[in-house]
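Please find the structures below.
You will see two complexes here that share chain A, one where it goes with chain B and one where it goes with chain C.
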Partner chain A sequence: MNALAARLGNKPWLLSFAGAFAVWLATILFTEGKGGGEMITAALSFATFTVIVGIGQMFVITTGPGNVDLSIPSTIALAGGVAMKIMGGQDSLIWFGLLACIGAGLAVGAFNYALIRLLKIPPIIATLSSSLIVMSVAISYGRGLQIKPPPSFADFTTAQISGVPVLSICAILFAIAMAIILERTIYGRATLAIGQNVRVAHLAGVKVERARCITYLMSAAFAGLCGALLAGFSGGNALNMGEEYLLATIAVVVIGGTSVAGGRANVPGIWGAALFLYLLVTMLNTYGASAGIRLVLTGLIIIAMITLAGGDKPSR
Partner chain B sequence: MTDTTLATPARDRMAFLGDPRLLRKALPAVSLVAILIAIFVLNERAMSYRGLDLMLKYAVPIAFATIAQMFILTVNDLDLSIGAFVGLVACIAGTWLVDQPVLCILILAGCIASYAAIGALIHMRRLPSIVVTLGMSFVWLGIAVILMPTPGGMVPDWLKALMSWKPPLVPFPIIACLVIALVAHVLLMESSYGAVLRGAGGNATAIDRAGWSLLRIRMSMYALAGFFGVLSGLSLIGLTTSPDAHIADRYTLLSIAGVILGGGEFVGGRVSPIGAVIGAVTLVLTGSFLIFMRISPDWQIGAQGAVLIVVLALRALIKLREAK
Partner chain C sequence: MQGRGKLIGIIAVIVIAVAAVFGYLQFQKSQEGAAGKKIALSNNYAGNSWRQSMLKSWDKVTKKAVADGVVAEATAFTTSENQVTEQAAQIQNLILQGYDAIVLNAASPDALNGAVKEACDAGIVVVSFDGIVTEPCAWRIAVDFAKMGEVQLDYLNEKMPNGGNLLEIRGLAGVFVDDEIHKGIEAGVKKYSQFKVVGSVHGDWTQTVAQKAVAGVLPSLPEVAAVVTQGGDGYGAAQAFKAASRPTPLIIMGNRQDELAWWKEQKDASGYETMSVSIAPGVSTLAFWVAQQILDGKEVPKDMIVPFLRIDQANLESSLANTEQGGVANVEYTLEDAQKVIAAAK
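Take a look at the complex of A and B:
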């Protein structure tokens, strides 16, 4: 047991996959094996969105304590609206819509970073203030109307190859690319170094501000992309589309083995944690839990997972 | 630090602005006065007993929630669950306060105790407060939804009467906000244990070495936050007829914005209870200002964000001068 705990301690992201598997097993034992495959398919497709925004949040959190992007839900709402409006239901305009949603994300990211840099305020407050403004822009821009995605775009976001959603395959490739960026590029190493000790990183010649700027741009751009994909997947944009992704992104990052104190990041853990979160809700649904009980248990299990994964180790 | 620098020409030119430290302290009050003047210019009828009473009606529960958030920020944590907690308190009070007041008070005391327990968990396991409180917001909301799936419940008459009390000369919300600010001020800024509590946010190691229990400090702060959260929920249902689980969802962001507007810093135990109440009132008035400007309610939350950014920008400017 202790050896197991030690191994999990070394590879905290294994815990998230183990958790996902345990929850899946508990559910199909209850249904006596029925629907196990469908459950994995559904988990993969819903986890995809959490993974895309979660990776952006991971880079932000990695840059050190106090760094969290609270503007993700608003950005998803705004970018979803922008993408659907520009695509206007026409297949020929899909690429413009995708560019526009990433553009909207980059604009929010640039605004966030400008607030952090120019006003020298903690990122939490900066992204909180900008999220309020972005939400108002989204409300005013979309007029609360739902616009349907172009047929090919909707097909693409819901397509499956023998039970595996195409979007999930893309997101796995995306995660691999981001893991390489984190581990092998100057930017990735700089982000980790900043999270470990920003002063030392600066003295060692790391371009702190450039890395920080890229991080906030990236997080918002991923949220923007996620907004468009989510709108395509769910048959149209909605203002509350991004609501659940505030808790979800922070939870998957932390459960996935990224240190909240910064300086230590883990991409595969995000996949495990995202699958875990979705399967957990499915399990509670299967067991017939009411909406209230589902909320209570989700909250408690997230706290339990974080307590188990441990907080900031003082030694480092 | 500011007084030792020699007078440079640039400083002379701006000398009429006075001491930057004083300026920073005055900033919350200046923002409040500015928005009040703007409202009165737009609509002079607002400058009356009735006008102020109406505009500031909801300032009382928001001020309580802001003070609750301030206690958490004092120890460098952040509470993302206060809105859901206030909603839960509203549902608990709406369910039991009329029929079984003793049971209701016991349950609310239990809520405060669980807040202290969360503080203990965060401290002992060195967990990030953001994640734990975000998780707790689901727990509070879930319990509230189980208690009250649809809006309903009963509000005791004495609570309604208190919240709609019309004292002579000064409207009740103003008196209530003043009392809240003063009580929190005395608790945190004037008492000797208050200095220790703030010190834990400024330099935890020093407080620890001086022999104070950091665990107990964090638990006290969370318990105080829970207590003020309960007061927020109670005052809120005194204003509405039918509480529901989502009644205070916005309070989480509003309370953080209020503390920051009121001059609170994010780290270092630098907070101001009086400023926090002023910040909360300023945010409430922003809504009235937009209505008088005939701006669509779509922009209500955006305007609150903009006010926050403007005040923070001013503060950054003042800090720049302070550094000179």
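Take a look at the complex of A and C:
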């Protein structure tokens, strides 16, 4: 038992994958083995979006207590709208649309960081208030109208290779790249150092503000990219398509073994946690649990997972 | 002594004259009826296509009404966070700003009652619609949501006399509207026992959420004959069935343009048949005319019912043509429509 706990302590992400597997197993036991494969396909394709924005949120949370990006949902809405409008349903404009959605994200990120740095507003307040502004921009930009994605873009976002969504493969590669950035680059190490102790990091010569700036830019850019992909995947943008990603991103970061207090991050755990969260809802839906029970159980299971994953070690 | 008496006399005459003129003006104003009155729209949410259409319809109809001199002003106010406290504060502001009527789409059926009562006590007419309030002093233009669930089963019974398995997509858990539509669907399933609900998920009236929830539960479900919905979720369900390579069931739609466009595509390709039902976002304009009628001194019952906007196989093309790309099928109501609804409620 102790050995198990120690192993989990070293690799907190194992827990989220174990949780995802357990929930999947519980579901297919109920359906007597029916639909297990399709369930994984669905879980992979929806977890992809959570992972893309979750990784951005992870970097933000890693920079220390109080750092969180609450503007993700409205950035998704805005960037989805911008991308669909620029693509205008034409295959030839897909790349422009993708660049534009990342650009929209970067603009939001720069605005967030300006609020935090220049006006010295705490990040929670800064990103919350900017999310209101961004949502208003999104509303007046698209007036709530839905625009369909170009056919090739829709095909790409929904394509599968023998049951594995292409987008998920891209997101796995993306996660690997981000893990390398976190562990092996100066920026990644700086982010971890800032999260552990800003003052010490600063005294040790870490360029604190540069790292924080990159972090907020990245989080918003990923949200922007996610907005375009989500719009492609679900057949058009919508103002409320980002709403569920506010709590989901924070939940996957924490369940995935990243410390809420900052300074300790974990990329693979985000994949595990995103799959876990999706399969958990699937399981409760399959069991036919009523909405009340479903919400209570989701809450309790998330609390249990967080306690197991991160509760043992307070930040040093 | 005498001089002072004279002065007092003059002042008294002036005061009486001013009061008389003012009183006459007031009298004239009340004679004018609704013209010269100010109406405000208090709206709790703007973040989806339905609400955007609702605001646009309000804008279109009231602008014309103001230009025609039917009312003096009709401004729309929307809260940013869909919070009860925020909307209560907004209503209090509207009271202070001296509006004669507040047309209200409320964030909560009962939590705003205090603010609504304050408005009534200040002599302001409050007309709630869509999201109605229970405060007795306010008027209510309610949607018969349970009926909206039931008509879906009535239609299915006609289309599929042999019945089959149903997948139910519900709205946002814990919201009154979701419970009501669900009750209607439950009642329908009880009435037509050949149907069986084999799965139920919450789609939050959002295409992406519905798609996600349906994709998750689909692998564990037997063959689904039809999907009963609450609006805003039909296209997401269709996408999920397609992604899972399952045969497309009969999906009841909710009047969104993407849903209608998809239906049209299927209809042209394979003769796909379904129906679509929802409330036109233009119901805000119905509420506007009702408020105008009340201000005009007409007798209006406190509880009225909004008509559904139903689209069937026959009028699909014309409805789709009249619906803005990415919007919601809509009708704007006229004064005559409002008078009909008022008469029906009497």
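As a convention for this text, the second predicted complex is superposed on the first by the 308 of 316 C-alpha atoms of A that agree within 3 Å, B and C clash if a C-alpha of one lies under 4 Å from a C-alpha of the other, contacts with A are read in each partner's own complex, and residues count from 1 in each chain.
In the analysis below, a residue touches a chain if its C-beta (ideal position, glycine included) is under 8 Å from a C-beta of that chain, and two chains touch if they have at least 3 such contacts.
Just so it is clear, the model here is predicted, and its values are computed rather than measured.
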item	value
Three-chain arrangement built on chain A, chain B and chain C clash or fit	clash
Contacts of A:G299 with chain B and chain C, given as first, second, both or neither	first
Chain B versus chain C as contact partner of A:P151, first or second or both or neither	neither
Partner chain in contact with A:I139 - chain B first, chain C second, else both or neither	both
Partner chain in contact with A:A42 - chain B first, chain C second, else both or neither	second
Partner chain(s) touched by A:T286 [first = chain B, second = chain C, both, neither]	second
Contacts of A:I250 with chain B and chain C, given as first, second, both or neither	first
Touching partner for A:L119 - first (chain B), second (chain C), both, neither	first
Contacts of A:V68 with chain B and chain C, given as first, second, both or neither	first
Clashing chain B stretch [against chain C; choices 8-16, 26-34, 44-52 or 170-178]	44-52
Common interface residues of chain A - those touching chain B in one complex and chain C in the other	132, 135-136, 139, 291-292, 294-295
Chain C - residues contacting chain A, complex	46-49, 51-53, 56, 80-81, 170, 173-174, 199-202, 204, 206-209, 211-213, 215-221, 235-236, 239, 243-244, 256-258, 324-327
Parts of chain B lying in touch with chain A, wherever the complex brings them together	78, 121, 125-128, 130-132, 134-139, 141-147, 149, 253, 256-257, 260, 266-267, 296, 298-306, 308-309, 312-313, 315-316, 319
Residues on chain A engaged by chain C in the complex (per definition of touch)	27, 30-31, 34-39, 42-43, 45-46, 132, 135-136, 139, 143-148, 158, 230, 234-236, 238-241, 243-244, 278-279, 281-282, 285-286, 288, 291-292, 294-295
Of all residues in chain A, those that touch chain B in their complex	66, 68, 115, 118-122, 124-125, 128-133, 135-137, 139-140, 246-247, 250-251, 254, 260, 290-300, 302-303, 306-307, 310-314
